[in-house]
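Here come two complexes built around chain A, the first alongside chain B, the second alongside chain C.
Let's turn to the complex of A and B:
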């Protein structure tokens, strides 16, 4: 009973935070002045321009996903399954772009490539977003590789070399992780507007943003997001039908944490080190060095610190609170989905992913429309509205991390505790949480990073005097000097990297897996 | 209760406390202002107000990337539960729009007496101050220089001119003003002829200014601050105030506009802030800032490069009409900009 009630509570909480505001918003588009109408939808489907932009969005998402997979999978394999030296340094370097709002990576690159024509357009967008989302593929590959049964790999090695084992056993075994990363990268690219906007590439997410910005027509703007949502729905359907089944199958591959087969690179070691050094130097170090060079002036840094002001502290606090709440909600929803503990668990799973795909302007306006009332000013007029935005957008990250964590714990442990008469709450906090503590910490960190770097939903809902640092940079970008923006970006980078580095240092290497 | 469970509960309590602190802090001696003027210029003014009056300013700034309309959307969405006391718009059309939507209320500020009549609302729903002029930024190496907006359609300048996307910002406002002045037919013909004459579109005035400064185009209509900014950066560009001839309509002015929100939660402080923004001292500061805005109060000290408003031939338009026209021509502009 306690289990069902608790899980139901978190489902209802998530529905109130995420679904109800958005559903109310879409209802307004079909009930205009008390009458049912599909006028706005008809106008959308009759317009050829919008569909052209949808094509641009899909093309961008496709290229970014392909590039992130092509680089991220080998990188994940090399950094987790080989005896390559300096693995933690390479992991750290390639993770940096994920920790920052993608537009900051774009700014860093713009200092490096200056006004190169090729950079402003589709190639620039593909480059920046691939670098930004590549770590998602890399980390999921690394995490799923830990779940592969070493016994099967050993058996494979009797018949073939490592290449054959990777091709025929390891990579097919981690396919659910790879597909999940592809879905995440595709959806994140589809909803991304700051980089295409900065690099002047027309995509559909900017179109819906324009509808909100230029015409003040909330209903038309809501309807304008429909094509993106249809694409997201198709992806979710694919995810639900194919990927979920595969994921369930892979749960059977309980890892043996003490045994993990490592590939010895032998003579190719130094070439891989050279290749990764070059790649990280060109893709990460050089652009960020250009940004640092632009900002490296005491006067500029002082001015940047002054401008960043309390927005830096606010960013850290809101991200910390958001991540904590997301970890708790994600844990219970992840538990519900993994254990299929309530009917409709798949719907909850799809909804969490749906909100990641929903354009942030829509989520923001939905939240404003729902919470902006005198009775709920204690939410709307305070940072609580930002936290609700984080929960709506990013619950999928923590719920999926929980699912991944639970899949690595033998279900017999919880069953044994249940047979011994231990109540559900004690089983959760006395058995599961301690076993998952590293995973939960990683879940908190991922949520913290995504909250800290958020621009979309925060920009739509933040109350006066509660702007965060990414918002402040975004706001000042139009007229402040390039050096000042570079200085602010540097502060943003340091404020993100410091806690991340501390985390990397404080968690034992085994735990990072 | 297990210890770890306790830790989570304690953390949530702290988080709750943090949020409550925000709520308790919500209503003190403060004023809430929504700002569309660039933060880099408006924030120092608001900080000075805070220092001089002791009233805490809570500001919500727009971003250029949101095409400076994010706070407008907020004001519209908050109509029945207003959070803001004052809106500092960077042009008067939004102020007109909000007046028509019943978001603002009339307020006669003592500081507004000397502001010219055409640059404030006759019913006192908004008041203009510190204006930008819509001017040409011209590359100094351009063989021929424009003097009128009509030059966009002159074959001499075929393929040499640029303009920011007329769906957004002050370019929309100026197009709507021209439609008001010329009538729809002439306005549409002018825009079609611009297209035929190879006028290129940019995403913003800033981008237009950069393209002209780098020599890719000879000229573009931009805001006066975009030109002053590039001149300060040492670029080879000059400013030309268009249509200053005898039979020409004059230069289109875009004043800032301040308005008082209906149902303002801190109305007295809101009025104080409006008085402060309309003061000569604020206009002086905005003239000497990088935005180099033209004061509307007479006799305000300015840097030498800024022309006094009395020395300019200013386009005479009714901003309420322009606001109305802007809505009417939006679908045409959207088609045109494809």
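Let's turn to the complex of A and C:
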């Protein structure tokens, strides 16, 4: 009973934070002055300009997904399945852009390529967002590769070389993971507005923000989010029906295999090291080095620190609080999904993913519309609204990490406690949490980094004088000097990478569960 | 010339010896069963011969050619001309039964006409013609076994390695499949290296039994000799 009530509480909490505001927002657009009407939508569908922007958004998302897959899959294979030296260094370097708001990568590149014409518009957006989202493909490829039953690869090795085995057996076996990463990259690109804004490429996600921030027209802003929401919904429906089922099938996956086949690169090893060194140097090191060079001046850094001021402390504290709440909610929802403990568990799983994929403008506008009333001003007018935004957007990260942690604990561990008469709460805190503590710490860190780098939802909901550092940089970008922006970006990078590096150094290679 | 030979082969993982001074000759057409408790090194012998791991010491040869020696494999698994049926069968879940079988034939660049002919024959021989386009997840335990066998045999291996292939089946089906394996071995003429911990299964398959204990050969001999050995243990 305690188990069901607790899980139900967290489901209801998540629905109130995430789903109810969005549903209420859309009801308002079809019930105007107490009457049902589609007037606002008709205006949207009649506008050719809007559809042109949707086309731009879809084209950008398509190119970014294609580029991230083309580079991310081979990278994931090389970094997890081969005997390449310096794998952890390469993994760290390629992960950096994911840890930062994508526009900071764009700023870093702008210091490197200066005012090159090609960098602005679609090519620059594709380049920056591909670099930013490539780690998603890389990590999902690596994670799924670890779960492939080595037996099916050995069976292939009796018949073919590694290239044939990878092409015909391993990659098809991890296809659900690859498709999931493609879905995520596509949807995150679709909702991204900061990079297209910086690089002057018109996309639809900017439209909602313009309607909202420039005209403060809630209904128009809500209606303008509809095309992106529909695309996100259709793609996630595809994920839920097709990919989810595939992932559930055995598909050669084994959760606790103690064997992992490693590809010996032999003579090609040095060439791959050279290739990856060049790629990471050109794509990551040089642009960020250019940014650091621009910022490395004591006067500039002092000014940047002054400008960043309390927004840096706010960023860190909001991210810390958000990550802690996310870890708790994600743990219980992850438990619910993994153990299928309540009917509708799949719906909860889908919904958490849906909110990550939902353009942040949609979530932000929904939250403001719902909480902006006198009775709830204690939420709307305080940082609580930012935390709610984080919870709505990022619960999927912590719930999926919990699922991953739970899958590494034999179900008999909890059953043994259960049969010994230990109540659920004690089983959770006495058995599961201690076994998963490293995984939960990793879950907190990931949530912290995503809250810290958030621009989209914070931009929409932050109350006056509660802006975070990424928002402050974003708003100063138009008027401040290049060096000052570089200084602010450097502070942002350090506040993200320091805890991440400390965590990576403190956690042994094994035992991340 | 022997189909395969192990000469003083040793294998250790992180300093722990799992196979010690293992010597065995597998003659053409012979059916050798490796018998013993879990962790005694039976599967390691198969994996060494397949080329998935390299011996820490000793020499392994196939039809007279040295394929591995003292920590190094000289021949990749795909070039050793062996077939293997895994304990969990390791059918490729994203491929149909036919695709599972065809993959190896394509890798060996067998012409299309001959490929189709071989697939038809092997499906007929194993009586799974109606499952040709079915994916493994939709096959029964026995049908999966047959597809795994067909996948190994369609390439006409010199030696077939079987790692407790019947362990997950009920007795009746296991009994039936043993008879089929013996028939297939007679038809194809391959040497069989078969791993099990089931005494009764071992005697029904083997022409020679190798009893293993703690990574070493404890006893080796014909079925008759080994029956006598076990009788002696019982009466002791």
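Operating definition for what follows: the second predicted complex is superposed on the first by the 474 of 513 C-alpha atoms of A that agree within 3 Å, B and C clash if a C-alpha of one lies under 4 Å from a C-alpha of the other, contacts with A are read in each partner's own complex, and residues count from 1 in each chain.
The working rule: a residue touches a chain if its C-beta (ideal position, glycine included) is under 8 Å from a C-beta of that chain, and two chains touch if they have at least 3 such contacts.
Note that the structure is predicted; figures quoted are calculated from it, not measured.
Judged by the touch definition given at the top, the superposed model places A:241 against neither chain B nor chain C.
In the superposed model, A:151 lies in contact with chain C only, and not with chain B.
Set against each other, chain B and chain C differ in how many residues of chain A they touch, and the higher count belongs to B.
Within the superposed three-chain model, A:298 lies out of touch with both chain B and chain C [touch as defined at top].
With both structures placed on the common chain, the touch criterion links A:173 to chain C but leaves chain B unconnected.
When the shared chain is aligned, chain C comes close enough to touch A:159, but chain B does not.
Contacts of chain A with chain B, set against its contacts with chain C after fitting on chain A, share not one residue. By the touch criterion given at the top, residues 49, 115, 194, 197-198, 200, 209-210, 212-216, 218, 317, 321, 324-325, 328, 365, 368-369, 372-374, 377-378, 380-384, 387, 425-426, 429-430, 433-434, 459-460, 462-467, 471-472, 474-480 of chain A touch chain B in their complex. Within the complex formed with chain C, the chain A residues making contact are 149, 151-152, 154-161, 164, 168-169, 172-173, 175, 249-252, 261. The touching residues of chain C, when paired with chain A in their complex, are 50-52, 76-78, 80, 82-84, 86-95, 103-104, 107-108, 137, 151, 155. Interface residues of chain B, counted against chain A in their complex, comprise 2, 4-5, 8, 11-12, 15, 18-19, 22-23, 26, 32-34, 38-41, 57-67, 69-70, 72-74, 76-78, 80-81, 83-84, 97, 167-168, 172, 203, 206, 214, 229, 290-291, 330, 338.
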